[in-house]
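You will see two complexes here that share chain A, one where it goes with chain B and one where it goes with chain C.
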Partner chain A sequence: MSVAQDPFSLSGKRVLVTGASSGIGRQIAITCSQVGAELVISGRNPERLQETKAALQGEDHLAITADLSQQEGIDQLVAVADTLHGVVHAAGISKLVPFRLINKQHLTDIFDSNTFAPMLLTRDLLVKKRIAQNGSILFISALASHSGAVATGAYAASKSALLGAMRSLAIETAKQGIRANCIAPGYVRTPMLDGLAQGGANMDELIARTPLGIGEPEDIAHAAVFYLSDASRCLSRHYTFIDGGLSIPLDIYA
Partner chain B sequence: MSAQAFSLQDKTILVNGMASGLGQVIAQACSQRGAKVLPAAQPRQPIHGLVHCVDHALECAVADLSEAELTRLFHSNVVQPVMLTQQLLQTDSLAPNASIVFLLSTAAHMGAKGQGAYAASKAALLGMIKCLALEQAAQGIRVNGVSPRADEAIWPDVANSVIFLLADASRWITGTSLLINGAGSDSASRSQMETGAAA
Partner chain C sequence: MDNIDTFIEKFITAVDFQEAVEITPDTVLKDLPEWDSLAALGVIVLSDMEYGKTITGEHLKQVTTVNDLYQLLT
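Take a look at the complex of A and B:
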């Protein structure tokens, strides 16, 4: 089978990945480059973003440092984005705060990075016609959107908000052949998970509940490649848990 | 390394219901990606992927349904694939980390007039997928489904979703079924999407 015909290949596609300076976003960028994509990567920390760029396979990749919770950051990225065949919104933050301690500032911080940034970046890319016909937009939500674990009130809300946003977007872009989907990971070994452990969560116990064990960033990256590739051209408006089976026995259908 | 994650090289895939139209398309796509495809289990041949392609349709209002029709439909759509899976488990025919894929339908998830028996038979598989996924996770065996809309034009795309679920690329995905809704690529699937309620 030649590479050009391979429906799982991303060769000839330009893909924007946010949150590429760490964890899941970094691995998505690396894996996409390994299956042929040309990357535009973004993150806040310039050193770690450059480390990702150095790890990409092939040349011609672009790295843009930008804080996407600010409109200027979104503007910078959209200005240089050029034509994109795929967009992966992997940037995000999490912080455990019990409901009684939630304040406006916490909600604003979480929603700015997790919800408003991917929605507004997508809006600007569409308005500036940066997303090609048959392009694929992928949001990264979280199992927390449905499981709403203790002290994840703001985080879970910011992630479940992506469900409605993605569903509505997918209808509006269907005529141009642009697809929108969302994957919701369970516990994946990244710096974010280390942060939760330092925040006092008993991660070992939580991870032990995952039937297939903790996930690796590669597991999310391979799913991202599938959703970006032509192999999934008949899939849109998906909200898929990628969680090693963690959600199966949970009481999330009440 | 990553391209390999989407390959089926060195995998033996058993396609249950290979004679059907979709079964043929899936079998051919799997062998094109490097798999050895079998129509039935063979002694001492570890199976890395099991794809169930049996799919019997029945259009009938629930008010008119006969017990014999309902029983026959459940036998072909549910009992046959589940019992074959059980037999392969009991004979240790599935390799560790094997992937099992059932064929469901959008009808398993969404209601439609005249589809009661068919939808129930496909939704039954959803329950089976979730419980079997938990039971087999310790062996690394994964259990998922594909839920395509009824449209022959998307069969090659159904095959690609099956390949993803069989390949190592999906090694952390279990207990789900991928809805293959057509993505609004044709007017029929688009109008289905657009009926989304604003309530």
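Take a look at the complex of A and C:
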């Protein structure tokens, strides 16, 4: 099948990926470049962002170091974004904190990065008409939005909030043909997962409860390609769990 | 800097004991009936939020008594 006929091709599409300096965002950027996209990548760490840029296939990619939890970072990115056919909000942070130890600072840190930044960046991209007709906006939520694992009070709330934002956004942008969807990963082998292990999570137990095994960043990236490509052109206001089967025995809609 | 008594108060809050238990500097963490993974996580977070010190589960494994923990965090 030629690239032109391939419904999963991102050839001719310009895609912004935030959080591209590591983990899921990094792999989404790399995989998108491999299926033909021109990338705009952003992240907080300049060295690691350049490493991602060097790993992208093809030329003409743009790397912008920006902290999107600050309005200046958003402004910086929107100023150079140009026309985008896809946006992937992969930037995010996580920290295990038992509910009784949650404080305002913790909530602010988590929500600034995980919820407010993707919402405000999307707002500015829409206001500045940076997202093309028939474009695709993709948020990275988390299984925690439904499973509510122990000590994820703030994190789970911030990721649930993204689902709500996505639903409303998708209705508003439908008239421009712009789609909004969400991927909710379970545990994926990334630096964030290493951080959870360092922060006190029991990894052996998690692995034992995941019948298909802990996911790799590629598993999320392949789904992201689907949501960004014309293969999903009829799909909006939708989300999918990619969790290695972790949620199979859970009543996650409870 | 917190003295050991203040530290013990914060420790009790972080661990969230359901059954009241007397904690002294010489109390051995592993001997506490409610010392589990969530309790350990509470101490990791307490260390970070109250004392600005990042510790891991590995650090906790090397700690025996409450006083050891106090020395590690403060």
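To be clear about the criterion, the second predicted complex is superposed on the first by the 254 of 254 C-alpha atoms of A that agree within 3 Å, B and C clash if a C-alpha of one lies under 4 Å from a C-alpha of the other, contacts with A are read in each partner's own complex, and residues count from 1 in each chain.
Following the convention adopted for this analysis, a contact is a pair of C-beta atoms (placed from the backbone, for glycine too) under 8 Å apart; a residue touches a chain by one contact, two chains touch by 3 or more.
Nothing here was measured: the structure is a model prediction, and the numbers come from that model.
Undergrad: After aligning the two structures on chain A, examine chain B and chain C and state clash or fit.
TA: In the superposition, chain B and chain C stay clear of each other.
Undergrad: Look at A:P211 in the shared chain and tell me whether it touches chain B only, chain C only, both, or neither; answer first, second, both or neither.
TA: Touch status of A:P211: first partner only.
Undergrad: With both complexes overlaid on chain A, does A:I252 touch chain B (first), chain C (second), both or neither?
TA: Neither partner.
Undergrad: Check whether A:D219 is in contact with chain B, with chain C, with both or with neither, and answer first, second, both or neither.
TA: After superposition on chain A, A:D219 lies in contact with chain B alone.
Undergrad: Pick one for A:G199: touches chain B only (first), chain C only (second), both, or neither.
TA: Only chain C; A:G199 stays clear of chain B.
Undergrad: What's your read, chain B or chain C touching more residues of chain A?
TA: B
Undergrad: Could you say whether A:V150 touches chain B, chain C, both of them, or neither, answering first, second, both or neither?
TA: A:V150 sits against chain C, while chain B stays out of touch.
Undergrad: So in the superposed three-chain picture, is A:A55 touching just chain B, just chain C, both, or none of them (first/second/both/neither)?
TA: Neither partner.
Undergrad: Across all Cα pairs of chain B and chain C, what is the smallest distance in the superposition, given in whole Å?
TA: Minimum C-alpha separation, chain B to chain C: 28 Å.
Undergrad: For chain A, give the residues common to its interface with chain B and its interface with chain C.
TA: On chain A, the chain B and chain C contacts do not overlap at all.
Undergrad: Under the stated contact criterion, what part of chain A meets chain B in this complex?
TA: The touching residues are 1, 6-9, 31, 34-35, 167-168, 170-171, 174-175, 177, 179, 211-212, 215-216, 218-219, 221-223, 225-226, 231-238, 240-245, 247-249.
Undergrad: For the complex, give me every residue of chain A touching chain C.
TA: 96-98, 100-101, 103, 105-106, 150-151, 198-202
Undergrad: Within the complex, which stretch of chain B touches chain A?
TA: Chain B reaches chain A through residues 1-3, 5-6, 32-33, 130, 133-134, 137-138, 140, 142, 154, 157-158, 160-161, 163-164, 168-176, 178-185, 190, 193-194, 196.
Undergrad: How about chain C: which of its residues touch chain A in the complex?
TA: Residue positions touching the partner: 13-14, 16, 37-38, 40-42, 44-46, 49, 56-57.
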